[in-house]
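Sending over a structure as structure tokens; questions will come in a sec.
Chain IDs A, B, C and D follow the sequence of writing; residue 1 opens each chain.
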């Protein structure tokens, strides 16, 4: 017996939620809601039995609706999510959870108190590539994580409401949050941004995230690049993973290549420092990955979390951790790139 | 009548200087000098008429030698260059010019007083690709420079005497220095570095360089990457150049793609801000470039500057400008990434 | 007022016809018909107003249906198309038109007599890339066509009813048919095939097509390749086009590179033959192409041809020309690769 | 104590032999001989102790010369090799061994009688990639060889004395000869060629080689391609190897991907044929390969074969096998592509 679902927002991302909801047997899509009901109707097309509406109230009042999936501008998230939770609906919401961590915390607490699922649609965490990366890192395959370098650049839509950091970096930060070993956490952030086209918001941003194990993670996001690059490198002491999300033939490569330093004590002190460094140039493995659309897995996780009464893989806490990184990054960028500790202090 | 030349240093780079000097008709290679004369002999091989020596004094005392090309560790540059200039020899020296700008300035002044050529071997500036980039930027083809992003990563030799910034970033900075429009200069620098392998020097570095026209240039250098990437993007208001130095088939691509903002005043004030942004997705041109080894052009420029009594394209001043950027970057990295103004102040 | 359309066949390709028909305002999708009505219902999903049926008769008897789009196995095409034409319906049919040219000719004649549109879904001809290639060739941009080389290989489904030639080469041959200058036609064919896995049908095939202007076109199709390659080169006397259909960043490259021979008479007879050859290594242009799904353009062309009472771009004659090439190729392969003239003789 | 060596021919390839001979301690390069002694002097440069000469007689008369390496036009090979062998010199010769198999057989017999090494410089067989391919095939890693597809195309020099088959296909055929399992031999050949630019020799050629185990090997060589492709696929029943010689980052990829057919008998006869086919889409391995210039290994093999009095890896018999394939291919091309059995009959 499928659960009733409503999708809220028929803009850029909403149609993807509609399409995957229609293909998810665990859900019965009842509504597509948009302030412009015409837009909702256009997304559904002329052949549908799904209802379009501009009334969020009607959706929330519908007892057949057990869950809502919200894809509206970030500024509306707080009100929409709160109303849904108050109406007893489970909620999935696009990134960022809310524009501020303070609001996000209120929603997380409300969901917790109400016993409802509040899930963040961190879509990339549900790709077969990122799931495998998480396994490779958490099961020790790459050894100790030494550095992360992520590039996400393209000729992108300059957003009316957010800068490039808030538009694109949530992807990289949610992936980072998802794959980091459990004992490793971000401790400080710095960001350098630039608006070279006079868009009145950052269009190019470089983000450094210091991790608790001493490693540095770096993110480059850019709306102005003529070419599309989506590559993330996870450097480890035993293996290094290169994930090229634009390369269908070999999205993930696991390289047995790297630089090793011998531990102090294992080499007589009077030998030269050079002797302490060695190089591996071993094979590269490109693992076969299942072909599965990430958003289908997102829908499956949302429905499973509801049925099983458990937090989803990417719950409100995950969304909050990403939010706090973004807030610290913005503070840093506004202060000329100063390093911001994640307990809030200038580090 | 070719000029007598001596190459100093038979280590990593010296053999390349020897090979190209042998193929340059304007020079007559007389000596290869290395503290270990065996190493010099091995580089020259058993069939040569060129003399190997371990005595720099003998080389400088040879009146047939008009010029020396120095490829020794940076720490030796100051003494070697000074002695050569004092002996009346023209000098070409590998990057960096010296370990400190203060020393570099003394050498530049000495060369100036002596009427001798002091050239920095900024090899990349002599590649057909970088020469074309300089033309495209300086002749206005790309419009106003909006951003620069340079990535130079590979599994690299952890150097015994310098960190990754001083090892690799001189390439990116000398290229930047070479191609920037004349009226645009760097004004501030910040660097974030990391040593995740316990090498006791930075192995990963991110460098932000703020330019006087408001654009941000960024450099990523990394010794630990399992894959080799050498890509620089020069974003402009009219065109964007992508230079992929590892792609023999299309090293340089000039994209007519970008984001434009309309000038205030051309759009009625009450229209939405969105209207001010437009996108171009035009053709990409991959210009045919001549096939010419950069180091052959370096040798040609060195000999031409000597013959014509003029400063070379990459003179001591170019070397000094790069040095000052590196020094500021190191200061920033040592201070946790703080922004350093190029007049020396924390910006 | 949209035209009533029925899609016949809910197997591999039918769902694509359904999806694009639903998005084409000129059509009103009335039926999806499959021998297994369950399969049709599954394709339509639970939210649709479109009817599923297993009765082709009911579809043809529906006066609201003006057109049918047929995506069933090739062996059924003759009967299904004939019935539809006899019922007064316009028809679009997947490749190949029919298993034999003789049958195809009957259908073409029937459509002609009935004044109905009979269109072949040569999908690739409607890609922006192939349309541009046709323009570049037909408008003289590449000069005289000198050679064509097409590779279409992948780990592919070994088909139960056809070999790799009939499965994949129709794509290459329909593209060739579409872009050739009007005065250039295929004159002979030879094919070498192989079944190395014991599939009892060719899994690897090489096809040579001699053209009336002396050029040779070659097609490599292969179901066993571990990597996917879809590249076609159109070599011309002035420019050469390389189309890489798997490369989203630069599907089409127009190279000003080639080998020229000077005309006899322009060089004194006593000079060496070598002098008659020269090389161009000019720029490469990657034209911006519109983003448009080919199958949407197929649907638009089908509806436009019906409305305007004109033959579609890829009409039954185009389908027949492709069929005749395939038949000749099969004859050649069955005879050990002998060259088959397209008037039917061994050439 | 190094052996005296002379290099004959200072044209396109000779300088490479000189360079590698100079770097091979087992040889002492005594002479570079070219009909134009100026050309030989230019190759050696002004700093050398190696002698240039235009007199082949002088070289052969020099008792210090134990071996010659010949890189002259093919038409001269027979006379030059015979004279050298008659003078008691070991010989390495560029491909093709001679213009005709008949001549080649005489040379092979002469070398045999004289107890001298006669080696063919099949350079590619000495690349780390081809050596690994040979191991992977001969040690059963890929299972049974099912198909070979080789593409070697580029904007190439139209040769004055040979067509594209004789210029480029020797590389592919010598590699094929080198890596085939010992019990698998070529049994028939067909070739389709084209001269679309009026060069009076084939500039584009497609070559099919049927192997004794039923597999088909195919070679595409082309002087007119604007892009350089050098890719060979070795399809096997267990693994498939893709070798991309232009890709420095991953020259060799071993794919655990393929199509399997179950053996007759293992599946009940009344089940559908489809059940007999299954697909593997496993991991891909990119083996680390040593970095070693192939021609250095050629020199090492030449000297080792001489010292050890054994046939080299690529001996005259290997050269003869390649020659016979080329001769058969030319006969086929001259007869419109008819299949030629390698015992000489039209197959």
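Keep this in mind: a residue touches a chain if its C-beta (ideal position, glycine included) is under 8 Å from a C-beta of that chain, and two chains touch if they have at least 3 such contacts.
In this text, all values refer to a predicted model and were calculated from it rather than measured experimentally.
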item: Selected interface, C-D versus A-D, where C-beta contact pairs are more numerous; value: C-D
item: Most distant chain from subunit A by Cα centroid; value: D
item: Subunit A and subunit C, separation of their C-alpha mean positions in angstrom; value: 41
item: Rounded Å distance between subunit A and subunit D, as computed from the means of their C-alpha atoms; value: 52
item: Centroid distance [mean C-alpha coordinates] between subunit D and subunit C, Å; value: 38
item: Residues of subunit D whose C-beta touches two or more other chains; value: 227, 253, 257, 281, 284
item: Sites on subunit C touched by subunit A in the complex; value: 22-23, 28-29, 45-50, 227-228, 246, 248-249
item: Residues of subunit B that touch subunit C when the two form their complex; value: 250, 253, 256-257, 281-288
item: Subunit C - residues contacting subunit D, complex; value: 146-147, 149, 151, 153, 155, 158, 160, 190, 192-194, 196-200, 203-204, 206, 208, 214-216, 218, 220, 222-227, 233, 235, 237, 240, 242, 253, 255, 257-261, 272-274, 277, 279, 281, 284, 336-339, 347
